[in-house]
C-alpha cells in the first residue's frame, strides 16, 4: 500500500492533468452534442493546437497560456471549414443523422486524420518538440505543484465554464442547444439551422485547438505529428464517461480518467493503470451509456 | 469438344480463383525477393478481407482490428517460442485464440450503436498493448524472438490458403441467405430487426470470422518477422491501412479488399525512396474523397460507370 | 454505401459468363507473362565486377529511428571511405574496394524482410550489415543464415537476439543491452554502496533488458533497489512515478529509454525530485540533451558505446597485445566531419563504422570471401579498432567491447568511467543546476 503522501500527490497531479484532459475533450463533446457526429480526426486538431502554440512561442515568444486564445480564433475558422466540408451535405435540414451518414462521417474524418497527420509529418518532421516554458512551482503543504500545470488547469476550467455560459445565457447559445435537441422546431422558430450548426461546430473546434495549446504545457518534449493517436482515444473515453452532450461531463470524465491513471499506477504500475482507464469505457457503455452525470 | 459444365459461380470469383491458382503454381519459380513482396502484399490483402467481414459487410467500423492480429502474432510467438510448435500450428492456434477473443469482445461491444462501437474498438488495442506489457510470459516489454528460419515459400502458401478461404467465405456469405440479412442490417438495422433478421447473431458471426482470419494472418506476420514486440504488434497503422484498403477497394465487395490492398501497398513499396509520410497523405485524401463522393470505392465506381462490368465485377 | 452484390439467378446464359471467363483467362496470361519476363531478367544479370566487395544493408533513414539510422549510415560511409583510401582489403592476392549498397527500410520490419532478399539476389551483395535497432535486426537475422551471408549487428543490442535464437551468421559488434547500465551500477557500488536505487525505464525491448540486467547486477553486488517501474513508449507524464521513487527513499535514478523520455524525465525532475545520481539511456549522449536542458543537464550521466575522446589507439592495443586496424578515434572524427559538413559522429556512427572495419579485418584475416571462412575468422578474432575491442562468444554475442559512462560537466561531455579511458572523474551529487 503506497504511502498516503504519495497518493495525495498523485491525486493532486491527476486533478491538474484531468482539467487539461477535460478541455481537449470538451470540443469533441460540443460537436457531438450539436451535430451528433464523432470526429475521428479530433486528435489531429489537438495536435495542430499544440503546434500552433509551439510556433507562436518559437517565432513570437508567446507563452502557451496566451497562445490559447490565438489558437481558439484559428479554431473557429477551421471549424467552419470543417462543417461545410464534411457535415453540411449530411446534415442539411435533416432531422437526425442516418446510420449510413454516421459511417460516412466516421470514414471521411478517418481519412482526414490520415491526411493531416501525415502532412504535418512531412512539413514538420517526426522530431519531438516542446515549449521551454517553466514558471516554477508552488508549495501547498508538502505538495510541490508545477505552476504551469496549475495555470492551464485554471484556464481549462475557465474555458469550459465560458462555453457553458455562452450556451445557456446567450441567444445564439440557446439556439445551438435548441438545434441539438430538435431541428424542425428550431427552423419553426426562424433560426437558420445551417448557421447554428456551423457556429456550434466552430465553437467545438475552437475549444479543441485552445485545448491543444494548453496541453502543450504538459509536453515539454511531447509535441509531434502523431500525438493525435493518443489524445483522440483519451478524448472519446472522457466524453463517454461524462456523458455526450453534457457540458460538465467533460470535466468529470477528464478528471476521472487522469486520476485513475495517476493514482492507479501507484498500485498496479503505469501500463495496467492505463489499460484499466481505457477499459472503463466498456462497462459505462453497457450499464450507463448516458454517462456518469445524470 | 465437350467442355465439362463448370460450377455456376460468379465471374469475379472465377477471376480471383484463377489468379490465385496461377500464382500458387508459379510460386516455387518466383525469385525469392519478389516472393517476399508478394507475401507482404497478401498479408495486407488477407487483413483487408478479414476487416471486410465486419466493417465492409455490416458497416460497423472497427478501428481496433489490429488487436486480433496482435493476439494471433503473440499466440504464434508464444507457442513457437516456448513449446517449439511448428509455425503452421502457431498460425492455426493464433486464428483460434483471436476467434475466441472476437466472440467475447463482440458479445459486449456489438450491442453498442455504430459510433459507440467504433470508439470502443479504438480503445481495445491501446488496452491490449498495455496489458501485454505487464505479462512476462509474453516477453513483456522485451518481446519474443523466434528461432525460426527465413522461408518465403511456406509463408506464401499459408497466406495463400488464408486468402482463398476468406474469398470463398465472402462469396458464400454474400450470395447465400445470410447476404440478405447482412444487407438489411447495413442499410437500416432497426428495420431489419423488425423484419425478423437475427441481427445480434449475424453480427457476432461476422465479427468472429473477422477475428479468426485477422488472428491467423497475425500469426503469419510474426512468422515472417521471426518474432514480435508489443509496439509492432499493436501498431494502429495496421488498422488504419486495412480500413483505407477496403474503403478504396470497395467496402463489402468480393474484389474490393484485394484491389484496395494492391492500390495501397504497391505504391508504398516504390515510395521507399521518398519521404515516409507521402503515400499516407495521398491515401488520406483519397479516403476522404471516396467516402464523401464515391462511396463504392474502385469496384463500386467501375460497376456504376461501366455497365458491362456490372454482371462481372462484385 | 456500396452496391449490394446480385446473386446469380439460375443458370447463367453462356455469352455473359464466357465473357467473364475470358477476362479471367486474360488476366492469368498477363500474370504468367510478367512473371516469366522477371525470371528471365534476373537470371541473366551479369555478376559484379571483380576487385569490388559489395556490402549491403538497410538502414532507417525515415521513420521512428531516422536520427540513429542516418547517423549509422554516415558512419558506415566514413569507414568505407577510409578503407578504400588506405589500401582496401587484400584477399587471395587481389586488392578489393568496398562498394556499399543500401536502402531505407523506413524503420518497418516488413520492409526489412523484402529488402534484404533483394540486396542479396538482385544487388548480389557478398556481405551484410544489420539494420538499426533490435526489432529490425531480429527480423533480418534469419535472412542472413538463409542466404549464407555474414551479417554484422551494429545497432541491435538486445542480448535476446543471440540468447533466444541461434543465428549462425549474425555477429554483434556493439556491447549488448545487458551491460549498458553496468558501469553506473559498478561506480555506485564502489563509491556510494549505501545509496538506494530507483529504476524507471521505458517498456521497449532494449530499455527493459538494460534495466532488468542492471537490477540483477545491482542486487548481486548487494545494492538496495527500492523502486522498479516501467512506462509505455510515448508516455507524457512521469510525475507520479518520479514522486513514488522519491517517496520510496531512493537516492539514485537509473533508466530512461530513448531521447524523448530522457528529456521528459529531466524536465519533470526539476519540480519533483533531485536524485544524487542520475544515469539515463541513450538521451544523455546527444548534444541536444545539453542544449535543451542547459544547467539541468549538468552532472547527469549516461552510458555510451563510444565518444570521440576515447583513448583507444595503437598504443593501448599494443599494451594489451591486440592487433590494431583502421583510423584512430580522432582520425575517424575528422574524416566523418569532412564528409558530413563538419558534423561530429555520434556513437551510432561509430558503432556502424566500427562494424564495417571489423568486417574488413575479418576478410583480410580469412584471406577469403567465403562466408564460412570469414565467419570463422570473426569467431577467432580479438582485436581493437577506433570503436573499441572486438571479440565474440560462440553464439555471436559481443564479449570484449566495453561501454563507457559519460557525464555532462559544465556544459561539456566527459568520459568518466572506466578509469583506463576516463577524461575526468564522476561529479557527485547531481544538484539540478
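Chains: A, B and C, in written order; residue numbering restarts at 1 for each.
Note that in this section a residue touches a chain if its C-beta (ideal position, glycine included) is under 8 Å from a C-beta of that chain, and two chains touch if they have at least 3 such contacts.
Note that the structure is predicted; figures quoted are calculated from it, not measured.
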Pair of chains joined by more contacts [C-beta pairs], B-C or A-C: B-C
Greatest separation from chain C - chain, by CA centre: A
Where chain B and chain C are represented by their mean Cα positions, the distance between them in whole Å: 33
Rounded Å distance between chain A and chain C, as computed from the means of their C-alpha atoms: 39
Junction residues of chain B - those touching two or more other chains: 59, 129-130, 133, 275-276, 295
For chain C, residues that touch 2 or more chains besides their own: 1, 63, 203, 230, 232
Of all residues in chain A, the ones touching two or more other chains: 100, 103-104, 269, 271, 274
Of chain A, residues touching chain B in the complex: 37-38, 40, 86, 89, 99-100, 102-104, 106-108, 110-119, 121-122, 229, 232-233, 236-237, 240, 269, 271-272, 274-275, 278-279, 281-282, 285-286, 289
Touch list for chain B against partner chain A, complex: 59, 61, 63, 108-109, 111-112, 114-116, 118-120, 122-123, 126-131, 133-134, 187-189, 236, 240, 243-244, 247, 275-278, 280-281, 283-292, 295
Touching residues on chain C, where the partner in the complex is chain A: 1, 63-64, 66-67, 203, 229-232, 234-237, 239-241, 243-244, 247, 259-260, 263-264, 267-268, 270-272, 292
Chain C-touching residues of chain A, taken from the complex the two chains share: 2-3, 5-6, 9-10, 13-14, 17, 100, 103-104, 126-128, 130, 132, 134, 136-137, 144-146, 218-222, 230, 262-263, 265-266, 269-271, 274
Touch list for chain B against partner chain C, complex: 8-12, 14-15, 17-19, 22-23, 26, 29-37, 40, 43, 56, 59, 81, 129-130, 133, 139-152, 174-175, 179, 183, 186, 224-227, 229-232, 250-254, 256, 269, 272-273, 275-276, 295-297, 299-300, 303-304, 308, 311-312, 314
